[in-house]
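Just dropping this structure here.
A, B, C and D are the chain letters, set down in written order, and residue numbers restart from 1 in every chain.
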Amino acid sequence: MINRKAVINVLGLLIFLLLPPLTQLFGQEYLLSLFSRILIYGLAAASLDLILGYGGMVSLGHAVFMGIGGYSVGILAFHSYESTAFMSWPLLISGTENALLVWPVAVLAAAFFGLVTGAICLRTKGMHFIMITLAFAQMAYYFFVSLSTYGGSDGLSLYNRNTMPLFDLGSDVTFYYLCLGILLVFLLMGHRLMQSHFGRVISGCRENEQRVQVLGFASYRYKLACYTFAAAAAGLAGALLANQGEFVSPGLMHWTKSGEIMVMVLLGGMGTLTGPVLGAATLLLMEDFLAMYTEHWMVILGPFLIVVVLFAKRGLYGLLTGAGGRHD
Amino acid sequence: MRKIVLSLVILLFSMSGAMAADPVKIGMITTLSTKAGYLGEDIRDGFKLAIDQGQGKLGNIPVELMVEDDGRKPEKGRQIAERFMKRDKAQILTGIVFSNVAMAVVPKIVRSGAFYVSPNAGPSKLAGKGCDKNYFNVAWQNDNLHEAVGQYVTEKKYNNVYLLAPNYPAGKDALAGFKRFYKGKVAGEVYTTLGQSDYAAELASLRAAKPDAVYFFLPGGMGINFIKQYAQAGLNETTPLFGPAFSFDERILKAVGDAAVGVVNGSQWSADLDTPENMAFVAAFRKAYGRTPTLYASQGYDAALLIGSALAAVKGDVSQSDAFRAALEKADFPTVRGAFKFGKNHHPVQDIYVREVIKDEQGNFTNRLLKKVFTDHADAYGPECSMK
Amino acid sequence: MGCSRVLEADMTDLLLKADGLCKHFGALQVCNNLHLGVEKGELHGLIGPNGAGKTTVLNLISGLLTPDDGKLFLAGCDISRTSVHHRARLGLARAFQVTSLFNSSTVLENLSMAVQAHQGKGFHFWSNAARDRQILEPASAVMERMGLADRGNIPAGSLSHGERRQLEMGMALATQPAMLLLDEPMAGLGPGGSLKLSELISDLKGEITILLVEHDMQAVFSLADRISVLVQGEVVATDTPDAIRKNKLVQEAYLGGT
Amino acid sequence: MLLFIEQLLNGLQLGVMLFLMSAGLTLVFGIMQVINLAHGSFYMIGAYVAATVAARSGSFLLGMAVALPVAAAVGMTVELTVLRRLYKRDHLDQVLATFGLIFFFNELTRIIWGRQPLFMDIPAWLGGAVELLPGVHYPVYRLAIILVGVLVALFLYLLFSRTRLGMQIRAGASNREMVAALGVNIRLLYTLVFGLGTMLAALAGIMAGPILAVEAGMGESILILTFVVIVIGGIGSVRGALIGALLVGMVDTMGRAFLPDVLRFVFSPATADTLGASLSSMSVYIFMAMVLTFKPAGLFPAHN
C-alpha cells in the first residue's frame, strides 16, 4: 500500500514538474495559469486540511485568510503606485511591491487575524465552531466591500506582480515553479508537523479532546497554534493568488469561497495533505472544462460531488491510493 | 459507433471549413450563471443577432464567436480571457457584465495588445486614469444614467430627494453621479447591504423622512425586491420613484409587474426609440428570441456592429492594430441608439433619455420614451484620461 | 497560585482533600457538602449505591466539572477552579469508566501520548514523535507492565474489552501521576479479566496514591486501605474495610437501596 | 416613536420569516443529525412552484396548495435517495453532498424556468395597508406573514406536545435507539420529519415570493441567516429557533434602521452613513459572535 501511495505521489509530482514544457510543446500555455491557480488553491486547501482533517476543527471561514493575504499585497501595491503611506502613525509604513517584504506581511497579517479570531472561535465546538468562523469571515467580507479606498466590492487591480530578486515573477513559468516550490515546502512541513509531538496532540484533539486534557495537555493552546499556522499558510496562498491574478476583491472571502476550499479538502480526502491538492485540481479543472461544454455545468458538478461522497468515502486520494485518509 | 464516426466526420468538415474561411475569432466573457445570468444572456443574444443577420459575418468578414460563462468571478473571467487570447489567439474580446470582473480582466487584455469592447460595465477607473487605447466602451460610463435622472429630477423641480444604493463603490458612484446634476436637497442618503432582499426597515425610515421623490440604484434582484416592496408599502402613490434603466429592463419588469408602472428611469436606449435601425433591431430580436430586447441586448448588438465596422475597415486583419483602432474610434456603425460617437477616452458621447414604465395593449410591461435629457453627453472622467 | 507538580518532598498527610463540594444539575443535587480525604500512598476505595454520584465526584476531582460550592485541595494546594489539563500537570491522572482512548492510534501511540504529556513535549514541531526514544522507552515499559507488550501495533479500537481497560489504566500510569483516579476498572470484565486487573492494581499499591471507584465489592474490600461510602452525594462514612463492613449506616444504605 | 413601532413590526416580520426556515432546519438537525445546506433550495423550489401556479391560475392559494406538497415530495425524494445514506456519516460528508445539491437545484431551476426572475404578486385580498395605530400604516401582506408564523409556531407546539407523532419525533431527537426499540419505524419517521422541514422551508419561500425576487440562488442568502438563527438559538431546539429568529430579525432590522442615526451623534454624517451601513451589514454576525463567546452552545442548547 505504501508503494502505491508513493507511486501516486511521485507521479503527481512529475506531472506538475513537467507541465510547463508540456504546455509549450502542445501550444497550450494558457493552461499554466490555471495550474498555478490549482497549486495556490492546493496550498489553501492543504492548510485547511491541517485544522479540518487533522485537528477536527471544521472552519467555514478559511477563505478570509486568503483574502487578508491577498489584500496585504493589493493594499501595499496600491500605496506604492500612489506613492502614499499606508500608515503614518505610530510608525511609517509606505507601499511596496517587494515580495520579500510583502509576502511576510501577508502571512503575518493572516496569522494575526487567525490568532485573534481563533482565540474566540475555539471556545466553541462542532456546528457552533462552523458558524462562528463563518461569522468572522462575513464580517471581514462586508468590511472590505464597504472599504471604498481600496475599491470595495470591485476590488483592487495590480499593475504587475510583486518583484523578487533573482526571480522574474512576471514570467508565468517562473511563477508557476515558485508556487510549486512553495506548495512542496508546505506539504513537507505539514507532513513533519503532523508527525511531530505537536501533531500527535492535534490529532488527539480531533479524536478525543477530553482525553487529551485529562492527560495534561492544554488542548486549547495547541488548537489555537494549529489554527494560526493554517491561517498563516492560507494568507500566503492569498498573497500568491493576488499575484497570479494581479487582482484582489472581497469575493475572495465570501463564504462560498470558504465552502469551495472545504469541498476541495473533502473531495480530495481529508487528513492526507496531498489529497486536498488533488481535490483542488479536480474541482478547478472540472469547473473549467465543464464550462467549455455547457453553460449548465453546475448541474453536472453537483451530482458529481454527491457521488463522490456516497461512493468514495475517503475522497479521491483515498480512492487512488487504496489507503484510507487520516491516519490508518 | 456509426454516430461517433458521423460526428467525427462532421467535426473534420467543420474544421476544414473553418480553416478555409479563416474567420476572425471574438471571445465573449460574460455572466450566464448566478442570479445575474440573464444579463449576459441578453448581451450574448444581441451580439449573436448581429452575426446571424450577417450570416456569420460582421462587416462582411466571417467571425467566430466564442462564449464562456465567468460566473461573476473575476479570477474565472481572467482565466477565460487568457484561454481566448493564448489558445484561440483571439484579438477581440467583449462581453463582461460586471465592473468587478472588468476591473480584473480588462487591464490584462489591453496590456497584452488585444482589443476589448465593453458592452456593459463602465467603471470610472477605466474611463479616467486607467483608460487605454485598446479599451472601448460601447454602452455607457457607470455614472451616465444616474446623471440623466439627476438632471431630470431637477428640471421637474423636485427639491427633497431621498437616495438609496447598496454599500459598495458602484452604489456610491451612482449617487455621486445623480448628485452631480441634481441641485435640490438630500432628504436622506442610505446605503444598504449588498445582496439585501428585505427593505422593510429602509422603507419605514424613508417614509418617516417625508421626501418628495426617491432615487434608488439597486441592480438585479435587489431592485425587484425594492420596487415590489415600495409599492406594497403604498409609497408609489405618494412619492414618485426614480431609478436608472438597470432596474427597469423588460425582463425585470416582467418579474416586478404593476409595481413599477409609472416609474421614470434614465436610459441611453429604449425599445420604442423611433429610428429605422432600432425598429428593425427590435423586430428582429423579437422574432429570433420571442421576447422584447433589453438595453443589454441593444448594447450587445451595438458592440457587434461596432466591431463589424472596424473589421470591414481592415478587411478582417486585426493585426493592423493601429488601423483597427482608428476604425473603432470613428464609431462608424448604424447604432440602434440614433447617435453615437466616442470621446477621447473611448467612452460614449451620446444622447440620454428618461423613460416611463407602462403596460402596453397586450398587457406586457415595457418602457416608453419620455424625454431626451442630454444631447451628446460625455462622462465626467474623460479629463483624467491621458489619451489624446 | 504557586502550585507545582506534587513531589515527594512537599506532601502533607492528605494528598487530596475535598471540603464541602456541592454540585447540582437543574433540580438534581448530585453532590451535597461532600468531604473526602485521601492520604498519601493509600488505596482509597469509594463505594456507594447506584446513583450516589461516584462518577460525578471523580469528574469534580479531575476538573471535568466545576463545583457550585466547596473547595478541593491537592497536596494542600487549592485546585477547585483550575482547568483539567492543569490538574493533570499537577499529577492527577484518571482512567475512565467508559474507556476513552485514541481509537485509530495504536497501543504504543496511545501510551506515547501519555508519556509525551508527562514530559511536557507538546510544542515540538519538527522532530518525529514516533522515533523519540525518550518517549518510546517509558511507553514500552508501561506497555509491558500492563501486559500489552505484544499488542503494541494494534489500533486501540481493535483491542478486546479487557485489553482496552488495561490500556486505559496504562494511559493514566504513563503520566507518572502522584494520584490515580480509577473509575470502575473492573466493570464489564469476566472473572479472569477482573483478577488480572486486581493484580495490576495491587501491584501499584504503595507506589501511587489511588482513589478507586468500583462496584465489585469483593475487589474493593480486598484492595483498599480505607473506604469511603457515598450516599446521595454525601460521604456517610470513611474507615478501614473491616470497620466499614460492620458500619450500620453503610448496611442501611446498601440494604435500603436494594 | 411611531417609526420605532413600525420598525419593531418589521423586525418581527423578518424574524417570523427566519423562524419558518429555521424551524425546519433545526428539526432535521436535531433529529437526524444532518447538516442540510440544501434547505435553502427547498425555499427556492417553494417560491418557484407557487409563482408558476399562481401565474397560470391567478390564485395565490392554489399556488400554495400545489407548492407545499411538491416541495415536500422533492424533499422526501432527496431524503430517500441521498441523505438517508448520510445519517451515520461524518457531518462533513453531509456538507459536501448538500453543497452538491445546492449546485444541482440552482442550475436545474435555471434550466426549467430560465434565467429570468419570476413574477409573483400579492393576492388582491391581502393587498394594501392598514392603519394599526394613528400614523402607523402597515402592509396587510406583512401582517399576514406574521400571522402565518404565529400559526406555524402554534401548530408545532401542538404537534410536539399533543400528538403521538410529535412525541415520537421529540423522543427520536433525544434517544434514537430507544425509539427504535419501542417499535417506531424510524426510517419512516425520518422521511416524514424531513418532509415537514422541507414544507416549512417551502412555506417561507411561498410567503416571500410576492415580496422578493423569485430567482435561482435566492435560497442561499437566507440559508446563512437561518444557520445563524439556529446556532444562536441552540441547535435542535424549536423554541431556540423561535427566539433566535426573533432576535436576529430585530437586531438586523434595528441595526439597519437606526445605526446610521445613532452614529451621527459621534461622527460626521458621511462617515456615519458609511460606517453605519457596514456595521449594520455585519450586525447579525457580530451578534452571533457575541452570543457564542458568552454562551458557546447557544441560548437554548437542546441537549445537556
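Couple of notes before you dig in:
One rule holds for everything that comes next: a residue touches a chain if its C-beta (ideal position, glycine included) is under 8 Å from a C-beta of that chain, and two chains touch if they have at least 3 such contacts.
Quick caveat, the model's predicted, so the values are computed rather than measured.
Counting hops only between chains that touch, chain A reaches chain D in a minimum of 1. Relative to the centroid of every protein C-alpha atom shown, the closest chain centre, again from C-alpha atoms, is found for A.
Of all chains, C has its CA centroid at the greatest distance from the CA centroid of chain D.
Chain centres here are Cα means. That of chain A falls 43 Å from that of chain C.
Chain B and chain D have Cα centroids separated by 35 Å.
A straight line joining the Cα centres of chain B and chain C is 73 Å long. The mean-CA centres of chain C and chain D are about 48 angstrom from one another, to the nearest whole unit. Shared interface positions of chain D, defined as residues touching 2 or more other chains, are 107, 110, 274, 277-278, 281. The set of chain A residues that touch two or more partner chains comprises 142, 145-146, 148, 297-298. Residue positions of chain C in touch with at least two other chains are not found. Chain pairs that touch one another are A-B, A-C, A-D, B-D. On the chain A side of its complex with chain B, the touching residues are 27-30, 33-34, 37, 142, 145-146, 148, 151-155, 157, 159, 241, 245-247, 249, 251, 287-288, 291-292, 295, 297-298. The touching residues of chain B, when paired with chain D in their complex, are 32-35, 37-38, 41, 167, 189-195, 197-198, 200-202, 204-205, 208, 220-222, 224-225, 228-229, 232-234, 251-252, 254-258. Chain contact summary for the complex, chain C toward chain A: residues 62, 64, 83-86, 88-89, 93-94, 96, 100-105, 109, 112-114, 116-118, 121-130, 132, 135, 155, 171, 175. Those residues of chain A whose C-beta lies close enough to touch chain C in the complex are 192-193, 195-201, 203-204, 207-208, 210-219, 222, 225, 326-328. Contact residues of chain D toward chain B in the complex are 2-3, 6-7, 10-11, 13-14, 17, 107, 110, 114-119, 121-122, 127-129, 137, 139, 141-142, 208, 210-218, 221-222, 252-254, 256-257, 260, 273-274, 276-278, 280-281.
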